[in-house]
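Heads up, there are several structures right after this.
In the two complexes that follow, subunit A is the common piece, with subunit B as its partner first and subunit C second.
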Partner chain A sequence: MTEQKLTWKEKIFYTTPNDDRSRMRTVANNLILHIHPTKVAKPALRFSYTWGLGGISSVLVMFLILTGVLLMFRYDASVENAYTSIQYLETQVAFGALIRNIHHWSANLLVVTSFLHLIRVFLTGGFKKGRALNWALGLFLLTLVLAFNFTGYLLPWDQLAYWAITVGTSLLSYVPLVGTAVSNFLLGGPEVGQTTLRNFYAIHVAVLPAILILAMSFHFWRVRKDGGISQPEPGERERVEKVTTIPHLVQIELAATAVLTVVILVWAIFVPAPLEALANPSHPPNPAKAAWYFMGLQELLLHMHPLAAMLLPLTLFIGIALLPKLDTQEDNIGIYFRSHKGRFAALFGALIGTILVPLAVLLDEYWLDLPGLFPTWPTLITTGLIPLLATLAMFGLIYGYFRKAGKLNHSEAIVGLFSFIMTSFVTLTLIGIFFRGANMALVLPF
Partner chain B sequence: MNKYNVISFFGFLALVIVFPIYAWYEPTQRAEAQDNLQNQYVTDASVIYIENCAVCHGIEGEGIGATPALNGEALQTMDYEELFKVIARGRYGTAMTGWHEDEGGLYNDYQIQQLVALIRYADWTQIGELAASQGLIPPTLPIPSVDPEMVAQIIEMSAESGFEWAEGFQLYASNCTVCHGIQGEGSDLGLPLNTADIQSRETAELIRIISEGVSGTAMVPWHNVLTPDEIESIVGFLQHWDEIEAEGVVLTPPEPIWVDVDDPESMLALGERIFSTTCVACHGEDGSGGTGPALNSQQVLTANTDEQLTNTIVNGGWRPSSTMPSFGDRLTSVEIEALVSYLRAWEPTAPFVENPRGTQQGGGPPWLRTEDGTTTTPGGGNGGQGQGQGNQGNGQGQGGPAWRDSGSPPGQSNQGTTGTESPAAAEQGPTIAVQGTVAAIENNLLTVQLADGSLVQAMLGPPWFWSEQGIAINAGDAVSLEGFESADHMEVNWITNQTSGETKFLRENGQPVWTQ
Partner chain C sequence: MTTQENNLSRRDFLKLGIGALSALAVLEMGGVSLFFMQPRSLVGEFGGIVNAGPVDSFPAGSVVEFPDGRFFLIHAPDGGFLAVYSRCTHLGCTISWEADKNQFFCPCHASSFSTTGDVQNPPAPRALDLFAITIEEGQLLVNTGSITQRDRFTTDQLTYA
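Then we have the complex of A and B:
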């Protein structure tokens, strides 16, 4: 390569290569840009295909790492000082409140975006064609995000934190055999206290970030290895048009990042992260609710025996992890809802989910009294086994209905069922967040 | 430019605009957050204070008895660590115990930090308000009042040491009952003292215990507070307590009065209590009138809204001649609210009073009226009687701590002085005529020098009235005027400027012309 004479402008803004070859070389030679291939399929760039959810999630992770490290400088993970260190941060440290707000809201948004990312990948069949591992990895990353949120929730040591964690970890004790042991290990004792705070802090700032960075890198690397994001099968003699990563992909990422940054910043400026009164173990708030993303689970607990309320999500989680084995039809990859019929199935599934779940909640709250109907049976059966089996039977019914009455194929019926399950879960969560008042009684939020 | 670059451009533009604006306001915002946090600390701490500290340190941090006041500047500027340490660990040799959890107390670091903030930044009158809004009205230390009859009874018991016992009895009542109980029965804080064991102890030993205290307990060395003679008299009382009790002299426990502020009945009761201790002296029994207007009259109650009544209580009388002092800083808002509701409760049954204005404007309470309806001259003794009824009448006065009653309404003392005036003019009260030269005139306040050199201040109606309708009066003019005595000046019926020959009538038949 011959030395070129550069103008001063080029010396300063040298990084913009302006022909395809050098653009591709830049991507290949750049550590960060090399997570992308040098060229990407043009249809894969369609924003309404990915909604940028994976990218937005990873930008949020970057925000979280940046602000989290800054927060560590002033945070003190001791019961005596944790709360006051937050107060100090918010009142004495320049930009302290802003940094905390960004961290808080990014973390909450991350739960949403990574969940939506899961939904998006499912709907476009992104787990197919050798992507089983990355699908499982993505699921693992989602649980990691929840673990991050859960451990971070405790750190301000206010009433909200203390009681959400107390409620959250009390769910653990319902897990048979190991539940109590795991809970004691995490809490460093039977109750949330100084050891818990230290444990959660260490997990939040050291253990989880290490795992997260490794798992994220793995996740990105797998996307490359799987040949980029999922795309529809090209037809016979059809060629997928490819464009260079610079500028086509990078400019989209830049725009998404810019918008996300502005949204987070403005939101963080105007909506302060909550900080309630100092944690007081002797004054539980009423209702004592877990963090909002666990309210679906807490709601489920109101209706089922704890064991059933654990088993049901566990079954579903395993089912979702095994989706690549359950839905092996590969020709519909990259098509939203698999097909036009699948779109109908998803819509219908969502519809019955939003109708049936509130009805079931009302039914159980006001009319149905299973233990009263069978007073001699153990509650494990009346409130555990029966609702669990009924729910699973419901899933079977819906699947069967889609197959028989809807004349859908297996893959499309699964879309309908998945849509039903996810809508039900979201509905349960919303009921738990907004429709539960004192003593977890049903109330109207307005 | 494609759409993504446009979005990026505006995104970064927004960042470049939003961030500096935020950065500019950030210090202000932080200062605001500091203020809010400080308020929150003080508010949280005042709840703690009212629960546990006010009993000894006073509801407004004024200190009670031997317990130091907290509302002084010295404490506000005291070292933070020192304040924290005293609250957390207590002070050796005093009744101040350690309040930190580690010392067996109730509070953690954070709450003690809040208490320190309270001492440094509290607005103590607001804490009194807060206490009132929680129903602790008026705040009282559980110190029993000593009936003079009891004292007399004790003095009669023994010729040589009756006085000593009586003094000891009174000292015990005001200093020791908090810990040792009203009847010496003891409490968590102090031993029982009304026992055979104590009575059999050596005098010297008891004196030593009281004056030196018992270290490690809340028993303070009392030699700081009491004289040796006083301590001796307490010992004398303790040693003869059984005899005194046998005579039937027993202290009755005062109840700290908690009022349910949401219950109209108890608010009415509170209003009645305040009226009968604070207002009765001027406004008469059941608002029948006195120096001040008869409040229990159709005219007053229909003419004034609750808001107006509240205003008058808070700010004092609005008439220039009014002697009604402002009670805004003496009563809490809850008390004032209770008082207004008490007055309002009269309305349905209130009689029509011929002239509801106070004695000096006619009318007056029944005991000041003669049978033919004219008002007798209130003597000094009468005034005193009115006051006595207010403050001591059948023990109702116990609710008000001394500092609340300290400023007795000036109207009362004034009533005594009017006794020297000649009885005249039944409608107007005692009319006085004055002749002299104008020493000064300032707005509506006229100062007249009499022939004997004494100065008389006269109020020429409200300032707005006099400035609009008044006559020209200059310093040095000879004036003659007629009026009647008021709080610290006289009210004018008419005035003649003899220098210019002008005459102005300010009141006709007792009615001020500016109200017509």
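Then we have the complex of A and C:
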């Protein structure tokens, strides 16, 4: 064989063959690589299309499993020893704090990346053209991610853990019919205790990982079965260029994984995962806040009857799951915001969300007192039904406004409404995180 | 012809049999798991009856906390007793007694309750839950296994010595 001059790309991938056919064969025959097709559409590789969010989430799941297994060797799921085993981990075990920090921050980041992934899939219409099942699967994955965080939260058995889970499981008992049974099962007693800790541990390290791995495999397989990720419709006589997976896709994935590894590692080295005082069932901390990603829900709870505060997100969740049925216009698939007008609608929706939500919070905090106005009515109506219906009516109004005044089509108006709902949710979360102080009173963070 | 039909129906029979047996097996395993996962009975928790002490050790108008029994003993100005569960009726945080403001307060979502356990400030949806009180030979016995929910305070909830 004659000496070849190698490009830097070939050097990095020096073990891979450098003709297209053997590259394709490598992908098809490799255990890990074969989740990919042998060739991918070139436009699908644009980073500014997917932002790599699904891939980043997958890598985070990998980090979580690796560090989680390590943590299991040092953690003790008993009320007496859980907290000390974490303290021991933090101070005595070599790299104990580092492993815990990686696990903690990866879990937090995963909530962010899977949420952003959902937003990106929505904005590009990635749920269209036969992708309804994968959209639903994705929502299921998001629920799993939240369930992981909820169950993992209790394990350190510190004040934060104890009271967040107390509030979370009490919330369950407001669910009609099954709520009390599920909450009793999870708690295994009248309050958060040893049985609760053991239940949560089993769910966190065995039940959820098994389901997650199955569901993720299903999710990836569906992406391929749906003909790869969504793309704009090619024009009349246009042909979409296809390139081989090695190196074009694999290279991006490796680079993203490397960057993510460095970011997480540096973050974990410098920012310790929080650990508060040992759980004390007779004294909640003040303020007793939920984990940050549940703070939007917590803020809702300050304003609404628990049943309403749960019905509202539930309604939205069902609405989002049904999106493929609600927005069936297929010719705008693969285009961010559907169209130029859709982009405007999203911007406008976000704007009214960031303005209306703080106003509504202030109004309810300082001025509006529905139970005081109608003292004889049950709170289920005054703080439950009335605000719930008002919120839903607001959604209807905004959609109607986009259709009538904005002269948008159905698909674009949904983008505006979705943007309003998501920014409202994020704004509520930010209010809960930064503007609630002692006694849950409104305060300025600075 | 007939043998073929017979063959087919035998195959169908076996298929049906396997299907039915599998379904039965799944049901059984499901049933076993359900029973296995059953929470143990919740009746009579918190060690049951707590002796709070002699009746006359609580001056009228006093509020005394019993952290292990998870309740506050309230001696109303008119002489009646109430034992309120220290669990907030909103979402289960532990309330504390603020003597200077004469109210119970929950730090989780800022509910407050009056000396009789009535809601002063939502989001709590109903007054604090009650434990049953009996008085035997001058001793106040609080049954922490028997929880009563109520919407608001009424005088018939008081127990007199």
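Operating definition for what follows: the second predicted complex is superposed on the first by the 432 of 446 C-alpha atoms of A that agree within 3 Å, B and C clash if a C-alpha of one lies under 4 Å from a C-alpha of the other, contacts with A are read in each partner's own complex, and residues count from 1 in each chain.
One rule holds for everything that comes next: contacts are C-beta pairs under 8 Å (C-beta built on N, C-alpha and C of every residue); 3 or more make two chains touch, one makes a residue touch a chain.
Note that the structure is predicted; figures quoted are calculated from it, not measured.
Engineer: May I ask you to decide whether A:210 touches subunit B, subunit C, both, or neither, giving the answer as first, second, both or neither?
Structural biologist: In the superposed model, A:210 contacts neither subunit B nor subunit C.
Engineer: Could you say whether A:286 touches subunit B, subunit C, both of them, or neither, answering first, second, both or neither?
Structural biologist: second
Engineer: Name the contact category of A:305: first (subunit B only), second (subunit C only), both, or neither.
Structural biologist: second
Engineer: Spot which of subunit B and subunit C makes contact with more residues of subunit A, would you?
Structural biologist: After superposition, C is the partner touching more of subunit A.
Engineer: Check whether A:240 is in contact with subunit B, with subunit C, with both or with neither, and answer first, second, both or neither.
Structural biologist: neither
Engineer: In the overlay, answer first, second, both or neither for which of subunit B and subunit C A:170 touches.
Structural biologist: Touch partner of A:170: subunit C, not subunit B.
Engineer: Considering only the touch criterion stated at the top, classify A:359 as touching first (subunit B), second (subunit C), both, or neither.
Structural biologist: So A:359 meets neither subunit B nor subunit C here.
Engineer: Show me the residue ranges of subunit C that touch subunit A in the complex, using the header's touch definition.
Structural biologist: These residues of subunit C touch subunit A: 37, 39-40, 42, 45-46, 67, 70, 86-87, 90-94, 96, 105-110, 122-123, 125-126.
Engineer: Touching residues of subunit B toward subunit A in the complex: what are they?
Structural biologist: Going by the criterion above, the answer is residues 2, 4-5, 7-8, 10-12, 14-15, 18-19, 22-23, 26-27, 29-30, 33-34, 37, 44, 108-110, 113.
Engineer: What residues on subunit A touch subunit B, complex-wise?
Structural biologist: Contact set of subunit A toward subunit B: 80, 83-84, 87, 90-92, 94-98, 251-252, 254-255, 257-259, 261-262, 265-266, 269, 277-278.
Engineer: Enumerate the contact residues on subunit A facing subunit C in the complex.
Structural biologist: Touch residues, subunit A against subunit C: 163, 166-167, 169-171, 184-185, 187-191, 195, 281-288, 298, 301-306, 371, 379-380, 383, 438-441.
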